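Heads up, there are several structures right after this.
In the two assemblies presented below, chain A is common to both, partnered first by chain B and then by chain C.
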Partner chain A sequence: MIDRLYWKYAADALIWLLLLTMPFWLNWVGGYTQLGTQIVVMALAAMALNFLLGYTGVLSFGHAAYFGLGVYGAGLTIKYLIPSTLTGMAVGVLTAVVAAAIIGLLIVHLRGIYFAMVTIAFGQVFYFVAYRWNNVTGGDDGLSNWNRMPIDFGFARLDILHSPVAFYYFVLFFFVVSVAIMAALLRSPFGRTLLAIRENERRARFLGIPVDRHIWLSWLISCTFVGLAGTLYAFLNNFADPHTLYWEQSGVFVIMAVLGGMRSFWGPLIGAAIFVALQDYVSTMTQNWMSFIGLFFVLIVLFFPRGVLGVIRRKTSS
Partner chain B sequence: MSLLRVENVTKNFGSLTAVSEVSMKVEAGELMAVIGPNGAGKTTFFNLISGFQTPSSGRIIFDDEDVTRLLPARRVWRGMTRTFQITEVFPELTVRENLQIAVEVASGFRLRLWQSRDAAAKVTARVDELLDMSGLSGKAGRLVGELAHGDQRATEIMMSIALKPRLLLLDEPTAGMGDQETYDITQLIRKLHRDQELSIVLIEHDMRVVFHLADRIMVLAEGAMLAEGTPHEIAANEAVQAAYLGKAAA
Partner chain C sequence: MTQLILFNVFNGLIIGAFYALMALGLSLILNLSGVINFAHGGFLAIGAYLAFTLMPFIGFWGALVVAPILTAIFGLIIERLLIRPLYGRDPLYSLLLTFGLAFMFEDGTRFIWGPQTLPFSVPDWLSSPLSSEYFFLTGYRLFMVALVSLAVIVLFIVLGRTRLGMRIRAGTLDLETVSVLGVNVRILRSLNFGLGIYMAGLAGVLAAGMLGLQPTIGSELIMPSFVAIIIGGLGSLPGTLVGGLLIGVASGVTTVFFPSASEAVIYVMMGLILLVRPRGLFGEEGRF
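Let's turn to the complex of A and B:
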């Protein structure tokens, strides 16, 4: 019991250490800083999805919508309204939250595959809007000719535009805050009602938990952080890509969560790291990199249904 | 005034009438058993009381309030909890966590995003009390899904008790259990009924359990009420004997 706690703290410490020092060692292992930033952004999105998937037991196949709303919210704000990174973030996240709140109300009474299908359907609506509304969103070409702006604190200036390392830490800051909030939520009485719903919805209802309302809240929290990840992704590329809204992107988040292990808090981070690294490496060799990722995914699901972290955890506890 | 009054409830599934014009009264502190042959409509009757299904006609009055069309969660808030024939627990959480969630919900903490040390200590104390009461203390750290059937059932009952109900509905609490487990669960129900003065309605197949526990018994057959009375009266009732023995002979 105490042994297990030590392992947990040691693992937490190791993960934070690796994240904090990533720009310093990533080049040594064949990566580059932007790749590290991409891992952190995708990890945030996957962990946000997993708040809903792994801890509430609700599968969304439409999280790309809220990710993409973050992307476009940030991009459009900077391009057309105010050249301010933080304003762009605020608008992006707010757009995702409002959309998630309204759509959530319409769908939280659905369960299982029906819920997943409807999340895809709503997600595709946003994709087609971005795709068709050429003169504002850039349509299929995406929204370009804008970029993230350095951040002025008055007394100091953080040049996230020209320094990839500064931008990495800027992203990591929001990652840390988001992850800390999600972890705290999961340890709260509210978080435990979500576990209850995941474990047994009927029992949860007969304990007097208004299940649909709690699922709506979990959905909203999840979509908020996915939207935040979207804004960071837009800044990473200085570009808004309509494919970030496409249902395939939702699938990628699910793959990351399942790959790493959706029953563990850090699982989706591991999944995102593997996915992004594989994508980066394999796509330099072949156009069909998705087939390799697909194959890897199938193998993991077949032989390690609890994901990469699930395997490691079983090994250490037995 | 009766704690629970069921007035002429009927439930149709298409052309099938599962429950037909059944009425029942449960007084505060009473333990009422509902028995009857397979397919008599006992579980449907239970589902109507607990809000899992709504009646086609008739009324259900709980504590002077018409709850006929209230959602299950709202009936729980008013003090009516239930267990299921197939145990409904949180299998991948520990016994302690199962009870902790129930206690937190009962304390009105379900939307709290953080907890004071004081509140957490109160929850823990209450969980310990429930563990003690049920004899599950030694298994508090185990995952419920790994426990024996009887212990899972005891966990489920204690989760319901955590909500401080005024009426507890037990759907076949000893279904699928061996003699020792049946005995333990029976003792637990008896203790809750006596010590907590809890009103209980239970469905049960095991007649030893029924006659050991019940203050009054209601017999259902083919969706309708066949008889109602004290265990003594029911044992002597010819219609009841015919219904049971008739089935057995056929």
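Let's turn to the complex of A and C:
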């Protein structure tokens, strides 16, 4: 038992160490700083999705909508209203939260594949809005000609615009805060209740737990952090792409969570790292990236459904 | 103005018939096997492209008969090899698998037939307008409506009157009991899947004649089909049919007044339906 805990702390420490030093070793293994930033952003989105998927047992296939709302919320704010990174973030996250709260009320009593289907379909509304509202969102071409702004603290200035390393740590800061909040929530009685709902919803209901309200809250928390990841993604590219709202993106988040291991806290981080690195590598090699990603999905489902951490955990416990 | 509205209502009805044909296939598979078949649009595209390839050899009518059957056979192979191992597992996995297949099919058709829009010619006597005043009433469109109606009627007869249909309907309600009563559930699921894919292939051939042939033809039609199922009510095939026609007409009418919302309107409708009647128009209470 003590041995297990020891390993767990060691693994946590290793992950934090790797994340904190990423800009320094990534070039050595053939990456670049922006790639590392992208991994952290995608990991945040995938871990946020996993809060709902892996820890509440609710299958959402439409998280791209809230990711994309974060992207566009941040982009539109900076382009048209106030050229301030933090304001853009606040607006982006708020947009995602409000949309998630309203849609959540409509769908929270649905379950299983019905829930999945409705989330998929609802995601498309925002895509069509972004796609069709040409003169504001730039339509299919996306929203360009804006960029993230350096942050002025008064006593110091953080130039995240021109220094990729500074931007990496800016993103990592929000990653750390978000992950800490999610971890704390999962350890709280609220988080344990979510686990109870995942394991046996009927029994949880018999115990007097307001199941729908818990699922709604979990959905809202999940969408909030996905929206936050979306704003960071917008800053990473200085661009808002309508494809971040498309249902393909939702599938990518889910496969990241599955690939890393849905039942483990750090799983989606590992899934996101593998996926982003692979995407970066394969898309320079071939035009047929879609076929590869499709094949990747099929192979994972057939041969690797537990994910990396699921397999490791099984090996160590047996 | 009346003519314009009539034109768009009719147009919407035709698009709605596509949605319905596709959604019925999706619904069949979903109800019996609990699989959300994301690759349905990919099967539709394959049906359309097969018809295109076969047409120089066996003509339009031959392609109309053969292409959907070939698509269904392809569907059966996919079901046997990839989807069967996932029955009984978390629906997440079949969803992800068919999601991956959808990517592969779309990219595969682009790889084989090229990314450009291909001409898909229907017989001349079908493509000429029937009257000069109602120019949109081409023979092909009427023919399509007739054929879709026929396909739907045959489907409902098969489900309602034949032994296979009876077993499919029973399996939808309680697959375990059906299995205990001596029905080979594996074969039942395969046949049901093949039937669903056949309808996707048929929709593909018809869609190619109307919308033109391009690799994204399937992924453009799949989302509205989901919406059709949700509006009609999960588990109800007549509901799916009504849902498909309803959203087709709704988006057609919206095109007249507010063209840029013609896609978004169906999702708004879905939101309203879920608000007022969460199980959908014809869905059973408490099934999902």
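Keep in mind that, in the parts below, the second predicted complex is superposed on the first by the 314 of 318 C-alpha atoms of A that agree within 3 Å, B and C clash if a C-alpha of one lies under 4 Å from a C-alpha of the other, contacts with A are read in each partner's own complex, and residues count from 1 in each chain.
Definition applied: contacts are C-beta pairs under 8 Å (C-beta built on N, C-alpha and C of every residue); 3 or more make two chains touch, one makes a residue touch a chain.
A quick note: this is a predicted structure, and the numbers were derived from the prediction, not measured.
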Requested in this report: Tell me which of chain B and chain C touches more residues of chain A.
Outcome: C
Query raised in the report: Looking at the overlay, does A:Ala184 come into contact with chain B only (first), chain C only (second), both, or neither?
Result: first
Query raised in the report: What is the contact status of A:Arg111 with respect to chain B (first) and chain C (second): first, second, both, or neither?
Result: second
Report task. For A:Trp133, decide between first (touching chain B), second (touching chain C), both and neither. Result -> second
Query raised in the report: Regarding the shared-chain residue A:Leu207, is it in contact with chain B (first), chain C (second), both, or neither?
Result: first
Report task. Report for A:Glu199: first if it touches chain B alone, second if chain C alone, otherwise both or neither. Result -> first
Report summary line: Within the complex, chain C is touched by chain A residues 53, 59, 61, 103, 106-107, 109-114, 116-118, 120-122, 124-125, 128-129, 131-133, 247-248, 251, 254-255, 258, 288, 290-291, 293-298, 300-302, 305
**Report entry** chain C residues within the chain A interface of the complex
**Finding:** 30, 34, 36, 82, 85-86, 89-97, 99-108, 111, 223, 226-227, 229-230, 234, 260-261, 263-264, 267-268, 270-271, 274-275, 278, 288
Report task. Would you tell me which residues of chain A are touching chain B in their complex? Result -> 1, 184-185, 188-190, 192-193, 195-196, 199-200, 202-203, 205-211, 214
Report task. Please name which positions on chain B make contact with chain A in the complex. Result -> 50, 72-73, 76-77, 81-82, 84, 88-93, 97, 100-102, 104-106, 109-115, 141, 156, 159-160, 163
